[in-house]
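Two complexes are shown next, each including subunit A; its partner changes from subunit B in the first to subunit C in the second.
So, the complex of A and B:
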C-alpha cells in the first residue's frame, strides 16, 4: 500500500486524529500513520482542558507565555472542543460538559479528579459528599477495590456482582450481551438500594456504554455513573474506537502498526516517508506533514542519559538541562521539569530552527505543554491538533 | 519481658547466620531487627557469592575465606545459590601485569582459574564485548541474600528462637557495668519491651557503632556507600567482573530475570545515607557497557545503595580496606562482630558462636557447614509452570505473582508492610517496579482486613515516594516512558495529589 496525500499525519493519538478530522472536513485527502494504538487508550477518556480554576478557558490567560494554548487562543480552543463533542455524538459516544466549566469525577481511590468534558457515562460522577452512593464491584476484579470509596463517605454501600470473569475487558465484553445486561439489571433491582446514586467501575460495554448506562438508570430510576479504572481503561478504548471510526467514515487512509524507517527530503520540503510493514514496505507521499507523535510516553521523544531526540525527523528538542534537573524529589509534586521538553514551534506550528517548511507539529510533543502539571493532556491534543490542521489545510 | 541466653542485634546475613548457628547448638537466643530481614547492606548488595577473585591480589586472607565459604554455601544452600560461574574480563588497555598477578594470587589462595580465549569466552557469554583480550573463569555464584536470611531464620524458629523484626533497640540495660538486656520498640505500635540475656551480640552492620554507643562503647568502622543499578533483562548467565584493580562499575551479576551492575565506593558518615547520585549511575552504566555492549540499550529499572560496614582503616581508598572481619569483646557482656562480607557470613557466625559457647562454658560444636539450610524444599523458586497455573488471578504481571500469593503471605507473616510482601513474592520487582501491582496488593490486604483503607492509602503514598527515589537517578529511555505512564495513573486516573 502506497499513496499520495494532501497531508500525511504521523501519530494516531488524540491530536493526530483530531487534525485528520478537521482536514477531511476541509476536503483534504489524508493519511494517518501510527506505530500502534495511542496512549489515549490508557486514559480515563475524560477531556482535561486545564485544571486550575473553575473555568479552564479563562485559566489559559494565567499560563506561562510559552504554553502552546496561547498559540491557539481561547476561542479556537473552545471551537475545537465543540468539534470534538460533535464527532463523539455522531459516533454514539456522546460527551457532556461545558468548555467554560470544570467538573469533578470520582476516582477508584475515592478521590476526585478535576476534568472538563466527560463521557456520557460519567455525567453524574460529581456529587455532594452527604448524598448516598452505592458502589457496585465485580467478583475478583483486580483493579477495583470499593472500600477505598466507601470508607471516604459516611453514606455509602457496596454490592459485588459475579460476572463469571474478573478482567476489565472481559466484563465489558459481557455487557455487550443482552441477556447478561438484563440479568445484571434484575440483580440490581433485587438489591433494594437506598435512594441515591449508583457507581460502577467503567466496564459497561466495549462501544456503546452510554446507552447501557442510560438503560440501567431508566430501569432503576437512579442516576448511574462509571468510575474510570487503571489501564486497560474502557473509556479510553471507547474514545479511541469512536475517533478511529470517524476517520474511516471520512475516507482517511490508516497506516497502522508501522514504523517509519526513512524520510525523503528535497530542499525545504519533506516529500515522503517510507514505512516498514510486516510484508511490503509502503511509501507515503504528501504535500504537507503533521507530526503528532506525543511525548516520551508515546515514543515521540526518546531520552538518553542527558539528551533527548525527536524520533521521526530528528527535529531540535528543547530539554530543561541535564538529567539531574529533570525530576522533582517528590513524586507527587506536580510537574517534573522533564515535562517541558519538546519541539518549539512558531505561530504557524512549524518547528523553529529547521529549514523545513511543510511540517507542522501538534499535541503533547510541543515544548512547554506540561500536560501533567496543568492537567491539560487531551485538551492540548484536541486544540493544537485542530489548530495545526487549520494552518496546514489553508489554500496556499 | 523475654528472657534468653543470647540477644542478637541485627537481622542481616550475619545476625541470621548467628541465630541458625546457635539454634543448631541448642542455645536459646532472641534476634532483634529494626526493619525486615536483610534491610541493610545484606539486601543492598549485588548478590554475588564471591569466588574470592576480586580480593585475591590485595586481600588474600579475605579471598581464601571467600573461596572456602563459597564451596560450603553452594552445597548447603542449593535453592538460594545459583552456580553461574564468573568471568574476569580483560579489555583492550587493561594491564597485563595485573592479570599475571591475579592468576598467581588465585593459585596461592586456592581459587581455581581457567584462561579463556575471546572466542571461548564469547561462547559462554555471547553478549560480551567482542574486542576483549581474554577472560579468566572463576567459581563465582549468584546468591539471593533475602532468601538466604529467611532460610537461616527457619532453623532458629524451628528450635524456639525468638525473632523480632520491626523492633528497634532503643536502649541497652546495664547493671553493675555489665550489659544484661535491651529495650526494644515495635515500629508500628511503638510498644516498648524488655529482653534480658546473658550475652549481647552486636551484629548491626553499618549501625554497629550506634548500638555499641548505647552500651557506652564504640566500634571503629568506615562506612562506604556502594550503589547498584538493575536492568530489566538477564544479559548474561555468568557473573562478569572487569580484570583490573577494584574500581567503580566493575561487576555485573545475573539474578533471576535481571542483572545487577555495580558498584561505587563513597565514604559516608551516616549508615542511613543511601541516596544514589545520578553521576554514580552514569559511571556504572558506562563501565558496564564496556563489558556488555548491550547494557547501553537495556532499560534500567531501579537503583539502590547500601552502606558497607568496613573495618576502620586510616586514610586511603575504602576499596583498600580488608574485607576480613573482627570480633570485639567489649568486656561488659557485649560482643561486636564487624566487617566481613555476605559470602563469609556463615564463617563469621561460626566464630562468634564459638566465643559464645566458650563464655557460657559449653562444648557444642558448629554444624552449620555440614547441614543443608532447612526449609529449602518448601521454596517454590521460580518455576514458570507453577505460576502460570493460576494465571487468572495474577496481580503482578511482571513477576507473575497471584492474588492468592499476596493473601497467603499477608496472613502468614501478619504483615502490614508492602515491602515484606515484595521480599517474599517478588511482587513489584519487574519493569513497572510496582506501578500497577502495589495498588492491587494493598487493595487485597485491606479486603482481607489486614489494614484499613486509610492505612493502605498512606502505605501506597510512602511506597510511591520510595519507588520514585530509587528510579529517578536512572530515568531515561524506555523506563522514562513507563514512569510517565505510572505518573498518569496515580496522579491522573486515581487522583492522588501532593499532601497539603
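So, the complex of A and C:
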C-alpha cells in the first residue's frame, strides 16, 4: 500500500525529528506533519541536558521521580545524545561535548549559559575569565551589543566590521561568499589582536559555519568561537536545517505548514489525521502515531483562563491546580508551576487515561519535564523522542 | 482570518525563511511587511511603502510560521490595495495579462521565437522594464487549447478535467498532450475544456480585477464538470495554489469552494488511484540521479511531495529533494528589471544547491523554476511527470 505509514509523527521539533530518524534507521516508513518550524530555530543550537551540577547524566538521579528523564534512563539518554551527534556529523554540522560534562558558554549579555553539547563553532566558548577575549561586532548589527560583554571582562577588547548589511541573516548570507570571507580575514589580520580568543556573534554562514570558523582560527592563529544571538539565531536554524536534511535523506515524507483538522479513530486505534487546507484536506494515514507538538510556546498545549487543552487529540492534560497557582510572584524566579503541565505517560510513552493504544508522546509536551527550571530543553526532546521511537518501532 | 496578525509573537521564524529579504536589504521581510505593518494600516490607509511590491509571494513565510499567521496573505492583500492606488509599471501590466501575451505570441510563434533572442529586441524590452537575463520560453503554434480535447473511454468509471495552465498551453503543449494521453492510459476519461489563465499572474502583479475575471470564468467551467462527477487535475503547482486557495480565498469567486475541494495535483491523483486499487501500475526502472527542486508553491499546497513518493517506486531512480531554496524567478517576478538582481542572486544560490548534488538531471513541477534553474545550474530540467510517464510507458502504449 502506498498510503499507510508505519508511524506518523505530529510535530517537527527536536523530539519529532529525532524520533523520525530513529524509526527510519529501524526500517520504518515515516511521515512528519508539522504546523510550522519548531522552537529549536529560536534556540542557541546548544543541547542543554541538565544544568544542575557538572555531570548532567549523573544529575538525572536527583530529579523528582516523575521527571520524564527517568522513563528513559541514564544509559539510554546517553545513547540518544550519541545518536544525535552522529547524525549531525553526517550532515556536516558536527557537535562537540561529552554527555557527562556540562560546559559554560559566553552569552551576548556577557554572562554564561550552562549547556552540554555545542555546535563546533562554540567549541572554544568556555574559557577562563583571565584570558584575553576580543569581541567582533558588525556595523549596526541588530540586537548585539558588544559592550555588554566587554564591560563584564577586565581583559577584553572589541572591533567593529562593516558587512554592508545589518541583519543577522544578511550577514550570515555574506559569509557564504568566498571573497567576503577573505576580506573579513584580512581585516582581522590588520587589527593586531593580542594573544587570546576571538568571539564573533553567530553569523559565520548559513550552513557551513564550522568550516568558516576553522578557517578564521587557522588564518589568525587564535581560537575563534561564535556567541549565540537573539532570534533569528543562526545556530538554531542550522540545527533545524541539518536535521530536516537528515529526514529528507532517509525518505521521510514531510507535510508542513498546515494544522491538523481532524482525527480518524476506530476503537482504540487512531487511523489517520487530515490537514486543514482551503479545499479538500490532505489525509495522512498511519499504523501508529507519535505526538511531539511541544508545549505552550509551540502550540501543542493551549491555555485558556483556567484550563489547558492538548490541541491535536484532546488528550487529558495535567495541570498544577488553578490559575492562581500557575505562576510565581517573581516573574524571573525559575520554576513556575505551569511548566509542570503536559501529558502524563506510562512506561511505554503511551498517554494515561485514554483508550487509544497506538499513540506515543514525547518531547516538551510531557508533564513534569519543566524544561526551563532544569534547563533540559533539547536534551529531554532528544532522549524521549528516541525512546518513544524505540517503543513504537518494536515489532509487535 | 482577518485578525491573524494579532497571533504573531515576533519570533522571526518567517524572516529566516524569506528568500527576498535574505538577498535584498530593501525588503524588510515578512514579519515587518506583514503582521507588524498591518497594525498601522486601516481601511482607508494603505501601505505607503513601495517595498510592499518586493515580496514575490513564494509563501515560504506561511509554511514556516508556527502560529498560524499568514504574512504572505497579509502582504498580498496590501499589494493589491497598493496596486489599485498607485501607478503600476508597464511591466506589471504586461505580465498581469500574460495570458493574452501567450495567446498572441503563440499565433505568431515563429516570429516571436526568432525575435526574442535578438539584441535590439532585448534592449527594447529592458527599456520597458522587462528583464532579459533568461532566454524567453519558446512559443508554439499548436497550443494545447488547439489540441484534441478529450481522450479515454466515455464509459470510464473515473472522469477528469485537466486544468493545464498557461505554461503547458503555450510553451510545452507536447508535454500537455503526453499528460492527457497518460491519464487516459490509466483508464480515465480526460477532458481538456476551454479555459483561461488561472489568474495568479494578474494577482501577483497587483491586478485583482483581471485575476477575478479569469477565476470566475474557470470556476464556472470547472464546476460544471464537477457537478457531472469529474475531478479536476492540475500539474502546475501555482495554478494549483490558485484553484485550491485563492478561488475560495482572496478572489472569492462563485463555486470557488467547490473547485478547491475537487482539485488534485497530478501525482497526488495517481497515488489516490493506486490507493483505491483503480490502477496497479508496474514501474519500469530508470537509472538516473535526479535533484528534485521543490517549487515554493508545492510546499504551500500542504500535500507533501506526491511526485517524490512515486519516484520511490521507480527502480534505479535516486532522488535528492531540495526544498530550502526559492528559484527566484517566481513566475513573472524575475522578468521585471526592478527585481532582476534579487532573482539572479536567488537563482545562483538555488543553482549551487543543485550542482552540489551532481545530478544527471534536474526535476521540478514548475515551468518557471525549470527555466530559471536550468539556466543557473547548467543542468537540463524536466517535469516530474516526464519521468513518471517514461517509467510507466508500457501502459501508455
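The criterion applied here is as follows: the second predicted complex is superposed on the first by the 389 of 396 C-alpha atoms of A that agree within 3 Å, B and C clash if a C-alpha of one lies under 4 Å from a C-alpha of the other, contacts with A are read in each partner's own complex, and residues count from 1 in each chain.
Methods note: a contact is a pair of C-beta atoms (placed from the backbone, for glycine too) under 8 Å apart; a residue touches a chain by one contact, two chains touch by 3 or more.
Since the model is a prediction, treat every value here as computed from it, not as a measurement.
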- Partner chain(s) touched by A:205 [first = subunit B, second = subunit C, both, neither]: neither
Query: Given the touch rule stated above, what does A:299 touch, subunit B (first), subunit C (second), both, or neither?
result: both
Quick one: is A:35 in contact with subunit B, with subunit C, with both, or with neither? Answer first, second, both or neither.
second
Taking the superposition as given, does A:120 touch the first partner, subunit B, the second, subunit C, both, or neither? neither
Pick one for A:112: touches subunit B only (first), subunit C only (second), both, or neither.
-> first
TODO: Give one of first, second, both or neither to describe whether A:393 is in contact with subunit B, with subunit C, with both, or with none.
DONE: neither
First, second, both or neither for A:231, with subunit B first and subunit C second = both
Looking at the overlay, does A:280 come into contact with subunit B only (first), subunit C only (second), both, or neither? second
When the two structures are overlaid on chain A, which partner does A:151 contact: first (subunit B), second (subunit C), both, or neither?
first
The answer to whether subunit B or subunit C touches more of subunit A is B
Intersected contact list for subunit A, partners subunit B and subunit C 39, 42, 166, 231, 298-299
The residues of subunit A that touch subunit C in their complex are 1-3, 31, 35-39, 41-42, 165-167, 169-170, 173, 231-232, 237, 241, 248, 251, 253-259, 275, 277-280, 282, 284, 298-299
Listed in rising order, subunit B residues that touch subunit A in their complex are 278-279, 282, 285, 392-393, 395, 403, 436, 439-440, 443-444, 446-447, 452-454, 456-457, 461, 464-465, 467-469, 472, 475-477, 480-481, 484-485, 487-499
Counting only contacts in the complex, subunit C reaches subunit A at residues 11-13, 15-17, 21-23, 25, 62-68, 243-245, 248-249, 257, 259-264, 271, 274-275, 299-305, 308-309, 312-313, 321, 323-324
Subunit B partner, complex, touching residues on subunit A are 39, 42-44, 48, 107-113, 140, 142-145, 147-148, 151-152, 166, 228-231, 233, 295-299, 302-305, 323-324, 326-327, 329-334, 338, 372, 375, 377
